[in-house]
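Structure provided below as structure tokens; questions to follow.
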Amino acid sequence: MSVIAPRFKFSEFVKSIIENAFWIVVIMTLVGLPMAMIVLFYVDLPVIDGALVTPFLALTWLSHPELALPLLKSFLTSDAFRILAFPGFGFAALVAAGTIFVERKMLAKLQLRVGPFYCGKIEGILQLAGDGLKLISKEIIIPAKADKPLFIVAPLLFVGAAAAFVALIPVAPGWVVADVDVGLLAVFAVIGFFPIITVLSAWSANSKFPFIGGIRALYQMVSFEIPLILSCLGVVLLTGTLNLTEIAQSQQVIPWIVLMPIGAIVFFICMLAELERIPFDLPEAESEIVAGWLTEFSGMMYGLVQLGSYVKLYAFSALFVVLFLGGWSGPVFWPPLEQELLESGQTLGPIKLQLPGLPLFSQEFFSAVIWFVLKTAAVIFFVLLPRGVFPRIRIDMLLRIGWYKLIAMAFVNIFVALGLVYAGVVGPGGIF
Amino acid sequence: MEGKTTVPALAELPPGLELQRVDERIMTLNVGPQHPGSGHMRIIVQIDGDRIVACDPDPGYVHRGEEKMAEYRNYVQNIPHLERPVIHDSCNILYPYCLATEEILGIEVPERAQYVRVIAAELNRCVYTLYWLAIYGIFLGHSTMFMWPTGDRELLIDLLEKMTGARVTHAYLVPGGVRNDVPANFEDVCLRQVDYFEKRIREYAGIFYDNPILISRTRDAGALSRHDAVALGTTGSVLRASGVDYDVRKKEPYDCYDSLDFETSVMREGDAYARSRVPWLDMMQSCRIIRDALSKMPKSGSVRVKLKPNPKGPEMVSYKRVESGRGALGCYVVSDGKPEPYRVKMSVGSFRNLIALPYLLRGEKLGNMPAVYWSLNYWPVEADR
Amino acid sequence: MVGEAASAYSPILLMFGFAVAATAPALLISRLVAPRGRDTPVKYLPMECGQVPKGEGRTHFMMQYYAYILMFVVFDVVAIFLYAWGSALLELPREATLPIIAFLGIMFAAMAFALRQSGRRDIW
Amino acid sequence: MGTAAGIIRALNSGAKHLAVKRFTLRYPEEKLKFVGDGYQFDPASGSGIAGYKGRHMLFHDKCTGCQLCSIACEGIAEAISMVKVAEEWKHNKKSIMPQIDYGKCVFCGLCVDACPFYALYMTNDYELSSFTKEGLIYTPSQLAVKPNVAQDSEIVIGERGATHG
Amino acid sequence: MTNELVDFTLVSVALLCVGIYGLAVKRNALRMLFAVEIVVNAANLNLVAFARFVPDSGGQTLALFSIAVAAAEVAVGLALIIVAYRMYRDIDVAKFGTLRG
Amino acid sequence: MADAAFLALSVLTIASAIAALELRSLVYGAIALMGTLGGIAGFFLLLDSPFVAMFQIAVYVGSIAVLILFTVMLVRRELIFTKVEDRRRRLAGVGLMLVAMASLGAVIVNSGISGITTDEPAVDFREIGADFLVRYWPALILMGLVLSGAVTGAMVLARREDTEDDQRAG
Amino acid sequence: MEKEGVPAQSGGGEKGQEAKKAEAPLPEVDSSLRSRIESLFGERATVEFARPGRMQVNVAGKDIVEVARFARDELGFDHAESVTGIDRPADGQIEVVYHLGSYTRPDLAGHVLAVSTRAPREEDPSPGADSTRLPSLRGVFYSVEFHEREAFEMLGVYFEGHPDNRRLLLPEDWADMPPMRKDFAIKGR
């Protein structure tokens, strides 16, 4: 009977479940209900058809299809929905989960393997859920000499910062969590937090390998931030705005990658480095420094960092799409449908054909989202592909690439953009 | 009697190991033994920032005492034990022992057995090299280069399994030949799979050997000059990567190697890249050898000399060398007239190449450590025996 | 009205807060669900490849690339400064590009010097 | 520019392999095909017959209880011990036969070489796992049973790469 | 109720005083650097506040200049602290006996 | 809403400024300093100058705080966790601070600026760029010189020479 | 060209072997090596046996450095392949055999010169502190560094002049006698 893996006891399992249920009920009653009341007190309740929607009224209306629709609409346009679900955290986490799965399957395919296979019957589709369950049921071990508050908070901050990054990404016209004037600068401001979180978590672990990894991460992120910032300047020169939505809308005619391929390449390489993807995954170089700054993280803390990094991956890919690939612009898939068909559906003999969701969202919205997701998926594919193709490079080479080649290329791109503006190709009175 | 170890004072350290300054800047890093980048050994590196100031390799995590155990078993019973240090290269590691034992026992090996042995040894060399290459890939962070060789290795393991009946620990070579003849249609299967295998390993060039990132990473990392390579007594691919054309198969042909057609692969640069490329070139030559041996092999004949149950040799010594996957592999067998050898000593390539490690790593970047370390064509368990 | 612009930025903060609030329970649940093995002092040692840790985890540790951090601080400022120019470019007269060219010239010179310094091996 | 070309070539090589067939044996569903019936010793040539070295098979009608297999194993794995059997054979006066502990056996097959009466040979059966250590000890009567081994899949080399067909 | 200029100015004064306190009391070079940063930020706050209430983009421009110069100052200041730490193995300004190399 | 945000921000900023100076550990002090700088950025947002706010975060939090943290990690461990100052000086400092705060605050409250508020729209951030290049371009050049001087000086100062022990002795 | 099964050592092999051995003459390279060693060192270096490609020379401990230097500088053996320690309790000695090879001389490529020397053996060994000592060859052949360390820990032969005579393979807290001695018995044997 080994100590490391205690034998599963059903009675203890049941006991722990009952205990947990008890505490959840107690905490919900003592804390959750008052919190809900307080929140309800402060929330601006929507007014629909002249009636103030209280929670009671909302529940009543939900049972009535005709009344439920405007209620749902008002919910869908609220900030809460944006933050929780669609362009916000839920969507990003979903894309991140999909990315993890696709990465594993694709890498396996490239390496002539099978990849996740058995979990979930169909090609291991439930593997991720299994991994999550595994991580959540693992014991969290915090090293004795670690700086506990920082150590525990660091993964949460990492996820939070990644989510804040997602908040700035416009997905469809008007569908963005925070539509700010200086969106691009806000993106850079948010990116600036990642090195700090990394180095703080590395410092707090009080161990050699995380420390080396954290300092490497710091050097790497910091060095590639400047070419990253400079490579976006070309787009700003051409569009004259820092608002990401406007930048995306400015590419109705032609995506900027056509005019500024150098800038796009620089941005892409910097993106790989900021994401710590191979070939730039030096902070986690397992053959030199075990797992870099993640070495001491165990169980769900590691899972959270992974979640954060994949959310970050999505955010960066989406930013690439917005800046260089024209965002959501693209031909609408099918000719616009008639309004009546949208609202009441079409009766085909005994079957009534309903287009789900269309009464709530416009068709342009669907088209935009589909284009955006397709483009993002393509970019994510190109972010994932190097992992199967390239080895890891060395830190001095990395810094050299960042400081010598990429910055020079970024300046070349700036001058190209400047030339485009002054030659009258782009801008007021220009062709595009 | 009490294991008194002599701890050397600082001034006594060899030129490769002295600390330049004892400083709070210098950090001692234990790389291994439970580390993804060290195998089962420990490398104690002292780093000043990103530079390695000193390095002290410490094999000895998996010591089995093979040499001691060999003194208690008779010549045939030693076979399954002595192949254990490098199970991926088990035919080659048994080869010098069998040659030396045959000299002591005075046995001539039948001709067909010689060819079968050579085929098995070359297949095993490829199997080992692929495994080594896979780990080299993962050390450099190239996960595809980990998966492809481990997958392609299956082709050869399948062949070896058809020949020997076991996938890794074959126990195939015995004093006096091989344990069993190859199966009936072995030649066709072998030719087909070796051809495909050669096609596969040529594809490694595009993704690995010609990859600019890999080249820039390993070029000039841990360069070993021709003079140093000779003086340090390195062997195998490390030596040949430094421009010394030395291959035991050519210089001191054993069994039927003198009748086979192949070339020695030599590179001049002596850096980690050349050291990683030479085994790959060797694999091509192995395919050539296998094809040649298959065509020249006698179609029938005995493959094993019948030995007495407890064979005894005269009181003599024998030192035989072969070229294994990691370089020259010598076996020194001392017989005192009993059925058990008096002393078996294996002079293995890994151990000889390990001497170069502290020498090469001094002044390198920490990021170069796995690249240089594993490019020495090193197998921790073999060094440890 | 003073402070109108701030409301556009609050969703970022809310998003940050929501992500933290949504993932923190994962740690709590993990704490509740996960089996707690017997505590031994060895378990809480920092990772050192199976050896007993020697020396300090955080040392006076600089690596050879400190110069790049110094450069980053200055050139980050420069890079973001360029955005002030870049966003206004379309509204500016063309002569206004000259000062920025001069500015960039000065910074290129400084960068060349800094890169040469940071590339030198023996001084870092 | 050589660098860019090399990078593009590497990416191309990687992407190309997305279309190559996978080379994975899905083990519990598919099983490898082996040569022949297992490793045996050929009295005519004095050498073995190629085959997989799996679990042993013992012919009770040939075993004389001479212990040579046990002696051969003594220096290697000490897996074979001689045990009493209830059977009566006139060539096996002591009624002892080998019992093999597969927790120790290294499957070298030297016991097969050592048996002068060809009473032992090795079969293709390699699925010997057990939940207990005792389950790995095979008595002579268990060894006498010929295993039924499913084997269907072989390496097939085709246009789009090799697979386990 | 909207914010008035005086509110921001008061906050700026408070920060300035905290910074001055730090400069006066602390003997740790890094803490003194922190105090300097706080003082600079108090000044920046004032600049931007006045620029908002007396609409003129000049204030913001000046604030940008100020931040940039502060970055330069921090780079040099930290380099100085590192040099001092190397020389005296300490970051206590009282122990920096002489700045002669 | 702006008022609640204002109050929260002032509390955050001033408290973390004090914490930056008073926390025992220098690393936590640096984190608190980041809080102060972030709070100032929040004030900038409240003042409708998002460009300056984002500049503040990107430069101060993104790079200066990194540099400070890094330098803090470079010094010896015991120096990170010890505070050196004497008590009397500290009391005097607190007194000075309070006096200065009270007097300056009184002056400001009683001066003419109290009660100023504005309903005019905020300045567009593009005007800043125009300002830079049209009105203040000599200052821009000068700042370029300052920055290049800073990076040059910092590089020359911070490099390590292996003669530092001799320097200490001399 | 050397084939196996040519024992050149006298003393009861299988029948027919003696006749073969007598027929095989030494190639020219080997005989010249032998004569050069014998002519220079005379009594101090006795050739134990000489077969095609293999030769063993026995020397006393005090002469080993000189012989090794001669082998390196004059004969062209530039590296050591292995260092083997053999315990000879019957003689009360521990034999250490250096196998020297040559990479630079093409005519010596297939040759291995074994230089054998003996150190006194103590019944109650205390490695590093007793009389089991030999001069180290690390000054002559850099490549013996780890091999000599291995011989030191396995047999307790202390190599004087070796700069780093530490344990290599055995655990640091190994407190038993050197394991390759014949009186160190494996459990159960």
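By written order: A, B, C, D, E, F and G. Residues from 1 in each chain.
The criterion applied here is as follows: contacts are C-beta pairs under 8 Å (C-beta built on N, C-alpha and C of every residue); 3 or more make two chains touch, one makes a residue touch a chain.
Quick caveat: nothing in here was measured; it's all calculated off a predicted structure.
J.: Using the touch definition from the top, list the chains contacting both chain A and chain D.
T.: B
J.: Higher C-beta contact count, E-F or A-B?
T.: Taking the two pairs in turn, the one with more contacts turns out to be E-F.
J.: Among the chains, which has its CA centre at the largest distance from chain C's?
T.: With centres defined by C-alpha atoms, farthest from chain C sits G.
J.: Taking CA centroids for every chain, report which one is farthest away from chain A.
T.: G
J.: Report, in whole Å, the distance between the mean C-alpha point of chain B and the mean C-alpha point of chain G.
T.: 23
J.: So, what's the distance in Å between the C-alpha centres of chain E and chain C?
T.: 21
J.: From the C-alpha centre of chain C to that of chain G, how far is it in Å?
T.: Chain centres of chain C and chain G, defined by C-alpha means, are spaced 61 Å apart.
J.: I need the residues of chain D touching at least two other chains; which ones are they?
T.: In chain D, the residues touching two or more other chains are 7, 10, 13-14, 23-24.
J.: Quick check: what residues of chain B touch more than one other chain, meaning two or more?
T.: 24, 27, 31, 35, 50, 72, 144, 151, 207, 211, 213
J.: Of all residues in chain C, which are in touch with two or more distinct other chains?
T.: 1-3, 5, 9, 48-49, 55, 58-65, 69-77, 80-81, 84, 86-89, 91, 97, 111, 118, 124
J.: Looking at the whole structure, which two-chain pairs count as touching?
T.: By the stated definition, chains touch in these pairs: A-B, A-C, A-D, A-F, B-C, B-D, B-G, C-E, C-F, E-F.
J.: In the complex of these two chains, what residues of chain D are touching chain B?
T.: That would be residues 2-3, 6-7, 9-10, 12-14, 23-25, 32, 34-36, 38-39, 42, 45-53, 68, 72, 74-77, 106-110, 113-114, 122, 155, 157, 162 of chain D.
J.: Which residues of chain E touch chain F in their complex?
T.: Within the complex, chain E contacts chain F at residues 1-11, 13-22, 24-28, 30-31, 33-35, 37-38, 41, 44-45, 48-49, 51-53, 55-58, 60-61, 63-65, 67-76, 78-83, 85-92, 94, 101.
J.: Across the complex, what residues on chain F touch chain C?
T.: Touch residues, chain F against chain C: 1-2, 5-6, 42, 45-51, 55, 58-59, 62-64, 66-67, 70, 73-77, 117-119, 122, 125-130, 132-134, 137, 140-141, 143-145, 147-152, 154-156, 158-161.
J.: Touching residues of chain C toward chain A in the complex: what are they?
T.: 5, 8-20, 22-24, 26-27, 29-38, 41, 43-49, 53, 55, 57-59, 61, 63-65, 68-69, 71-72, 75-76, 79-80, 82-83, 86-91, 94, 97, 104, 111, 115, 118-119
J.: What does chain C use to touch chain F in their complex?
T.: Contact set of chain C toward chain F: 1-7, 9, 56, 58, 60-62, 66-67, 69-78, 80-81, 84-89, 91-93, 96-97, 99-100, 102-103, 106-107, 109-111, 113-114, 117-118, 123-124.
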